[in-house]
Amino acid sequence: MSTDTRIHEISKLDLKEPVLVQGLPGLGYVGKVAVDYFIQKLKPQKFAELYSSYLLFPDGNLGITISEDGTYSLPKYEFYAFNESLPHAIFLTGDAQPSVTGQYEVASRVLDFAQQFGCKMVYTMGGYGTRSGNDVGAVYGVVGDAMTAERLKKLGAKMTKGGAVTGAAGVILGIGRQRGLQCAGLLGATTGAYPDIEAARAVIHMLTGLTSMPVELKDLDAEIEDMRKKMERFRRTDLEESKEGEEEKPEESKDRYIT
Amino acid sequence: MSTDTRIHEISKLDLKEPVLVQGLPGLGYVGKVAVDYFIQKLKPQKFAELYSSYLLFPDGNLGITISEDGTYSLPKYEFYAFNESLPHAIFLTGDAQPSVTGQYEVASRVLDFAQQFGCKMVYTMGGYGTRSGNDVGAVYGVVGDAMTAERLKKLGAKMTKGGAVTGAAGVILGIGRQRGLQCAGLLGATTGAYPDIEAARAVIHMLTGLTSMPVELKDLDAEIEDMRKKMERFRRTDLEESKEGEEEKPEESKDRYIT
Amino acid sequence: MSTDTRIHEISKLDLKEPVLVQGLPGLGYVGKVAVDYFIQKLKPQKFAELYSSYLLFPDGNLGITISEDGTYSLPKYEFYAFNESLPHAIFLTGDAQPSVTGQYEVASRVLDFAQQFGCKMVYTMGGYGTRSGNDVGAVYGVVGDAMTAERLKKLGAKMTKGGAVTGAAGVILGIGRQRGLQCAGLLGATTGAYPDIEAARAVIHMLTGLTSMPVELKDLDAEIEDMRKKMERFRRTDLEESKEGEEEKPEESKDRYIT
Amino acid sequence: MSTDTRIHEISKLDLKEPVLVQGLPGLGYVGKVAVDYFIQKLKPQKFAELYSSYLLFPDGNLGITISEDGTYSLPKYEFYAFNESLPHAIFLTGDAQPSVTGQYEVASRVLDFAQQFGCKMVYTMGGYGTRSGNDVGAVYGVVGDAMTAERLKKLGAKMTKGGAVTGAAGVILGIGRQRGLQCAGLLGATTGAYPDIEAARAVIHMLTGLTSMPVELKDLDAEIEDMRKKMERFRRTDLEESKEGEEEKPEESKDRYIT
């Protein structure tokens, strides 16, 4: 079923040995929030999409998601290219993770694609489950080589010894290393809050330090404050809606519907 | 496993850029009831069947279903061709949905087949889950392009913003759009009644308006009245049967048997 | 994965348009008991085995089963050839059913193989679930053509109208009919007793009548009496063992062990 | 998906008709503990690894495991070659079992690989579930040919009659025998203790007797004593930790984290 995973290139871009930065939905949404921040700030150009029959909704079903502007799409990965300063980067995000059966195939395709541009370094961002709230803000590093380990330690990362990284974040580190790429997993400690903005902030700081990407971090603090306020408002709105009862606003509704 | 999905053409027909109209079993049986109505009224010719190892019974098993005339078949899709007036149409119905693993493959085959005849427009009919009975009769539109969106709005459809369409109805819209086809999902609001005749009626009205197909809609109202009565009689019969106890009528029985 | 199902031919035999008679483990073990009876009586020659990664234990696991003589095997189908009188026959039995994913592939391979010998008629034997003990002894027929239906009715079969046949018995009827073979399912009504000897007897009677195979049916009655006695003894032994407690006889033990 | 299972050869070695000795995680960890003992004592050279998308974590997920030195890997099999005395041997161990779907493919690849070196004999070690503690120390043999059966009996093995061996240990015996290889399963009776050192010792003794490998068995007794003490200490430490409460030592922590 080799045709079940397909990358659609939107435009041909000039990239020099870009680092690949992956952030997908997962524990605390840490990886996805972090990569979205880089995309928002650096405004890289979307230049490819990946579709796969292995990209399922979190409930194991398949279908289309409809965005707020009324357009729709099957679950997909999106590739964004940043080439305004060095290092060049490919930011990879998406709205789904592959099913277990498809993890190898999808990660292999992603690496094939990045390596076409000379990619030699893979960063994957995600969450590290912890029960202690005190640990939030820490970044755990999973690293394939001693040199990268040293760089992470200097920036304050704790190195992991034992344990496991499941899902797309782990698999791309595994296959990347088999291919001789430098690989690092940056895992923000999270109690699983959804989304865990604090954990994402720590990971964003770490990646910025590692790559010297021109990202404004003072914005980050302001925006995290913003997001926290929005989430609080959101929580209050929720309460009001449940008091108002069954009144409906169909044009704006985001109810899940199923056919 | 490319041979696991196979289309068997029964006869070669002349079709000019037919619209594809899909209605499969799903929420409230809205899509299936609607497409069956068009098939009953327009008497299109059955010209192909699709078989696939991915078409399973709703309980996840595989086998044959036996019809009331004693014939039997594996789960299948059926294609009906209408070419008596413009637009020509291919009506697609069936007695099963593909398993999650097979959704991409089956939808791709269906589109390959329809595109052989020059198909450029895909309509999929289904149900839109709602908790409010007041909403039944509304049709929610999922549309890939602004022009089609305008046409649906003029006919009274509410445009969906957010949410998801799972299953075969969603997947064919997703792949259709990737291929540059015009795509529209017509989803009748339903509380999940089985089958939801009211929701199907709304969808039939909408599609008739969109395509100017020569379908008698006054019949529809009469038939819906008929179906309602039949279902009430059916419900009363059910009650009587359960009072009569274990008496059996094997020749007529429709018990599920399993080997 | 076309190599995942493989038929190993043990010897080349001369068969003229054999009927294929399938009996696999299923409801009440009706099909398997019935085909085993024919194999015991007609002493056909085992001439092929089918292995497949889709043939799993009933619990969904895979491994080897060890027989009482200490030999072992992966789950398999066995083909036995009978060519001493007409019609020639291939008896197909096995110790497992394919998983849902493999039903199409395995049934297709079986038919490919039988058709190499000119097979034009497929009989599948199995159980028909019924709640009424009074119905045991009845045989329900599932038939693809009117002529075979008439023959079954004359022999007292009840024709099924509605319902479904799941599993290998159903799938081979479905694919067989698509290929233009004459197909008949002989389903013995069973309350699910394990194994249901009475239901198997009815099915054996029916198949013997249909094919005029030289099977002694008076033996059947005696053997069914035998089996009933054995099973009663067996049940009494069970009781005694559970009174004796934890004493073990390893050489004879049939405990399931797992590594 | 033939590329989903891949053997990576680290070095080319000269092996003469090596016996293949497989010990994977399973019941009581008997097989894995046993093969690890041979690897520790004989110091064979690691010369190949097998990766497969079918090698999953025991919970059905996929990802990387991180070892105590901070390196990480996808689930894998490891092949070690011993060629200092006859018989030469390939020891196969790993940190995962294939999923049911992949059992055939992975076992076939392993045998392909071993047969390249002329392998004609396969030993698989594992656990045999028993409820009686008295039976621990017994080894149950599953053997494909009478000659090997005799050799096992002389060494005190009990021959199994009936039952099943599920998982990788069973499947390799099944496929091995189909290929005409001599095959023996050595299953140590275990109550499922984790890991069951006593059961592993019995299996190590048996294999040493069968192959005359130069393994010091007096070390085994000492080491088993060692392991027992370690496990007792370990159990006591556990208790202390749970008294100390939530204090954390991140650098040493082996918590499972998930992204």
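Structure notes:
Just so it is clear, A, B, C and D label the chains in written order, and each chain counts residues from 1 on its own.
In the analysis below, contacts are C-beta pairs under 8 Å (C-beta built on N, C-alpha and C of every residue); 3 or more make two chains touch, one makes a residue touch a chain.
Bear in mind that the values here come from a model prediction, so they are computed numbers and not experimental data.
Distances between chain centres, each the mean of the C-alpha atoms, put B farthest from chain D.
For the pair chain B and chain C, the fraction of shared interface numbers is less than half, so the two copies use mostly different residues to meet.
Rounded to whole angstrom units, the spacing between the C-alpha centres of chain B and chain D is 53. Measuring from the averaged C-alpha position of chain C to that of chain D gives a distance of 37 Å. For chain B, residues touching at least two other chains, in rising order: 1. Chain-to-chain contact here is organised cyclically: the chains close a single ring, every chain touching exactly two others. Pairwise chain contacts in this structure: A-B, A-D, B-C, C-D.
Those residues of chain B that touch chain A in the complex are listed here as 1, 26-27, 30-31, 100-101, 103-105, 124, 126-132, 134-135, 138, 140, 142-144, 149, 158-167, 169-171, 173-175, 177-178, 185, 187. Those residues of chain B that touch chain C in the shared complex are 1, 4, 8, 51, 53, 56-57, 60-74, 246, 248, 250-259.
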